[in-house]
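One structure is given below, encoded as structure tokens.
Chains here go by letter, A, B and C, matching the order in which they are written, and residues are numbered from 1 within each.
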Amino acid sequence: MKTNPGRFFEDYTLGEVISHAVPRTLSGGERAAYHALYPARHALHSSDEFARACGLPAAPFDDLVAFHTVFGKTVPDISLNAVANLGYAEGRWLKPVWPGDTIRSESTVIGLKQNSNGRSGVVYVRTRGLNQSGEPVLEYVRWVMVRKRDLDVPAPAPVVPELKDFVPASSISVPEGLDFSNYDFTLAGEPHRWGDYAVGERIDHVDGVTVEEAEHMLATRLWQNTAKVHFDRTQREDGKRLIYGGHVISLARALSFNGLANAQMIVALNAGAHANPCFAGDTVRAWSEVLDKAETGAPGVGALRLRLVAVKDGAAPFTLKDEAGKYSPEVLLDLDYWALMPL
Amino acid sequence: MKTNPGRFFEDYTLGEVISHAVPRTLSGGERAAYHALYPARHALHSSDEFARACGLPAAPFDDLVAFHTVFGKTVPDISLNAVANLGYAEGRWLKPVWPGDTIRSESTVIGLKQNSNGRSGVVYVRTRGLNQSGEPVLEYVRWVMVRKRDLDVPAPAPVVPELKDFVPASSISVPEGLDFSNYDFTLAGEPHRWGDYAVGERIDHVDGVTVEEAEHMLATRLWQNTAKVHFDRTQREDGKRLIYGGHVISLARALSFNGLANAQMIVALNAGAHANPCFAGDTVRAWSEVLDKAETGAPGVGALRLRLVAVKDGAAPFTLKDEAGKYSPEVLLDLDYWALMPL
Amino acid sequence: MKTNPGRFFEDYTLGEVISHAVPRTLSGGERAAYHALYPARHALHSSDEFARACGLPAAPFDDLVAFHTVFGKTVPDISLNAVANLGYAEGRWLKPVWPGDTIRSESTVIGLKQNSNGRSGVVYVRTRGLNQSGEPVLEYVRWVMVRKRDLDVPAPAPVVPELKDFVPASSISVPEGLDFSNYDFTLAGEPHRWGDYAVGERIDHVDGVTVEEAEHMLATRLWQNTAKVHFDRTQREDGKRLIYGGHVISLARALSFNGLANAQMIVALNAGAHANPCFAGDTVRAWSEVLDKAETGAPGVGALRLRLVAVKDGAAPFTLKDEAGKYSPEVLLDLDYWALMPL
């Protein structure tokens, strides 16, 4: 058979390195498409002039463009037969991605654990995105539940990697040259600086976006993500196309501009849960909570650790979990990340 | 509160200058997106070679790309709480915008007049778009009706700016170097030159476009326009998303290619009314009327003053107003502009 | 009348050359848009680095970008009043198209044959796409059935051009410098090389895409295709917008990556039939059959002649024609082309 059936649980070996296919050269075209798809307004990613005033040679891509590009390449090898995308950890952006860069991805299998039912198992991979010079631009750990094709294959010795609860501030990589000493708060859109945010503070980002089928498919294809459930309405019994979780991440991040306009760059992904599926017709909103704060050593550059929660229609303000600790049905995303902000 | 609630009528002061946030670097990506969103075919904006043959260094962006980019930046400060977008005047394109340019906007409050009901007022601003060298690329006056938050704040002294009924031909700015002496009518798509149009002539542009939700949201986001009513179906009681008026302007202008293919550049906006709201599912058509003609002094370059009217399903040819002088319900847009055309 | 009513059958003269309007400069923006619109993953068109490793200076546009751009320009002159798009033949890609290139089109009328009912006739044109240096990048023959406006105009002497059943392998143009000697099958996404495909072999490409109105209109506009039926739901009695046949070609070609990832470049179009109309809501799938194989003389470069069939919901595997030799109602496209693949 010439087509790719995707890998099943028994096809993964601990320690193996998977080189993902189809490198991608990004240009101003992807930047424009990102602006059309998401209400993204962070000035550092929107304006070459603003980025230069912050010590960078030009505006890098939104950090989630790097994430989606790297992630999309892993889908045919990692999650084509995934039953669930279980989590993220230890995500670090290591170098900005610029128009003209060519990105490819590779993943190392760092954990395998068959489920007790014998029908599926959890695969842990550490994925790295690399640019045309072979420099890593992003790395993260992700684990997914994958079906077995042949239930008779014996279970591998269970290995669950030890993962950090969150990326320590000391491990954050600040882009070379970044300097917020002369940061223009007016051009950036809000006056609130790092010192104005308090741990525990919560922000309702107010705005909402009602999602259309065409939009999430355009977005998901843009990153060459091939998971069938996003594009083919015959894949699910209810005839609905499941929206790529990353689409919700980008929507929520862009909506968070309103209240976090100066959280210019995402530098670490501590954890993330796609709490409930998102479908076309849902109106997506977002709220954030400040989880931690740190200085970075770079001139004028502080870091905020933020929880970003995406919810849909009907969610009360700051909805998250019910009394039993389960995500409320209106919660779509619970993301924990570090962002850079002027001191 | 960290989020932007938008300004209310009492928050504006006569003479104040508002620097709008989030500068934007434009590239070939925005040009491609514009072509995907609108049936735009004017050769000067489509082909570097054609533009060079007309004396320009390359194809500038469609003039409405400049307009939307400049306009979008003003929304969070000017029209987030606007009840109505009342009018435009004295709009002039001063310099083409090219791929690689970074655009920002600023507005001066030039008029304020509280309504007699005491609940809202009219705010007049003169907005300028500036490129990375600080050169103005576009300016226009716009007035909007804005709600008051605190009805007890006393009304300001009413100031209504004196605005020209239209931009006189002598004030039109012709792009440096523009020369239509060797204009290629075959490549441009139509043989009709400036001399072939008569004042009073009306043109039915024939073609129509049925609009989808995804399209107008992609377009409106592309310009970083944040008005909630365009994206969030919970904002209106009828559950409809209101289409950004500028989307209708671009649709109508692009449709007007068929009959005005040689009206290559928009150089002035004399007046404009969004006569009725546009919603997804509407089929938009357009017709034009020649209002005036002028020479410009630039080699081979004439100017036509045009009325551009967008209508929707069911409109009879050349529908505009009823006997009482009120816009017919099928009329979406009534725009008065100057365009450059080969003599 | 200033608008273009399109040409009718009696408006064509044998041997006349029609220069089509609106040249187009393409950039990274069109490439990004193509990736958003189609699940295109062929590495040679996705990555500058991959293309360089194959001897090219950078990644050329997907060959169908060239096709759609050239085709779109012909619509106002050739198919605005076409009743049916009857066929393609003798299509050859002659030179890659790169970001920055400006493309225009011209067509020569090579055949005319009035139908026996006297109400329409078949027009045969040979269309060439040319870049800014006047070099041909693509040529193909297409024939369409066009209505007569004036039934009293006498029929022209019938001329039906002699067309090759398919482009012989010896006529294929391999891009200058192309060298698959050091081809990276891992980065390309599949291990199957030219020698692994057998004449007669059929491949079910497995994946499907449910098409939305917004998507096909964005795509069709991107190529400045102006045919009314794609955009205006009032054009057909059933209120449906007919999807541009080229949209189905690009969808099917992109879906064929899964099983033909190494069929990197389309170099010839032997024949093509839009068997049944496609509408929004259809879920499009594809299958291929290997029709022939040839070597090309270029280092490491072989050619496969492929039948690419697009079908919609409900089609059994490898559905094509019924017993009477008529296309089954689920078949949307039957395309015959040559592609280059590493030996």
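In this section, a residue touches a chain if its C-beta (ideal position, glycine included) is under 8 Å from a C-beta of that chain, and two chains touch if they have at least 3 such contacts.
Which protein is which chain? UniProt says A, B, C = MaoC family dehydratase.
Computed from a predicted structure; not experimentally measured.
**Student:** Same residues or different residues: which describes how subunit A and subunit B meet, taking over half shared numbers as same?
**Tutor:** Answer different: the two copies use largely distinct residue numbers here.
**Student:** Rounding to the nearest 5 degrees, give the angle of the rotation that lays the CA atoms of subunit B over those of subunit C.
**Tutor:** So the copies are related by a turn of 120 degrees.
**Student:** Return the distance between the CA-based centres of subunit A and subunit B, expressed in whole Å.
**Tutor:** 36
**Student:** Could you list the positions in subunit A whose residues touch two or more of the other chains?
**Tutor:** Each of 27-30, 32-33, 99, 212-215, 218 in subunit A touches at least two other chains.
**Student:** Can you list the residues on subunit A that touch subunit B in the complex?
**Tutor:** The contact residues of subunit A facing subunit B are 27-33, 35-41, 43, 46-50, 59, 99, 186-190, 192, 196, 203-210, 212-215, 218, 258-261, 283, 313.
**Student:** Can you check the complex and tell me which residues of subunit B touch subunit A?
**Tutor:** Answer in residue numbers: 2-4, 19, 21-30, 32-33, 76, 99, 102, 104, 132, 212-215, 217-219, 221-222, 224, 226, 228, 231-235, 241.
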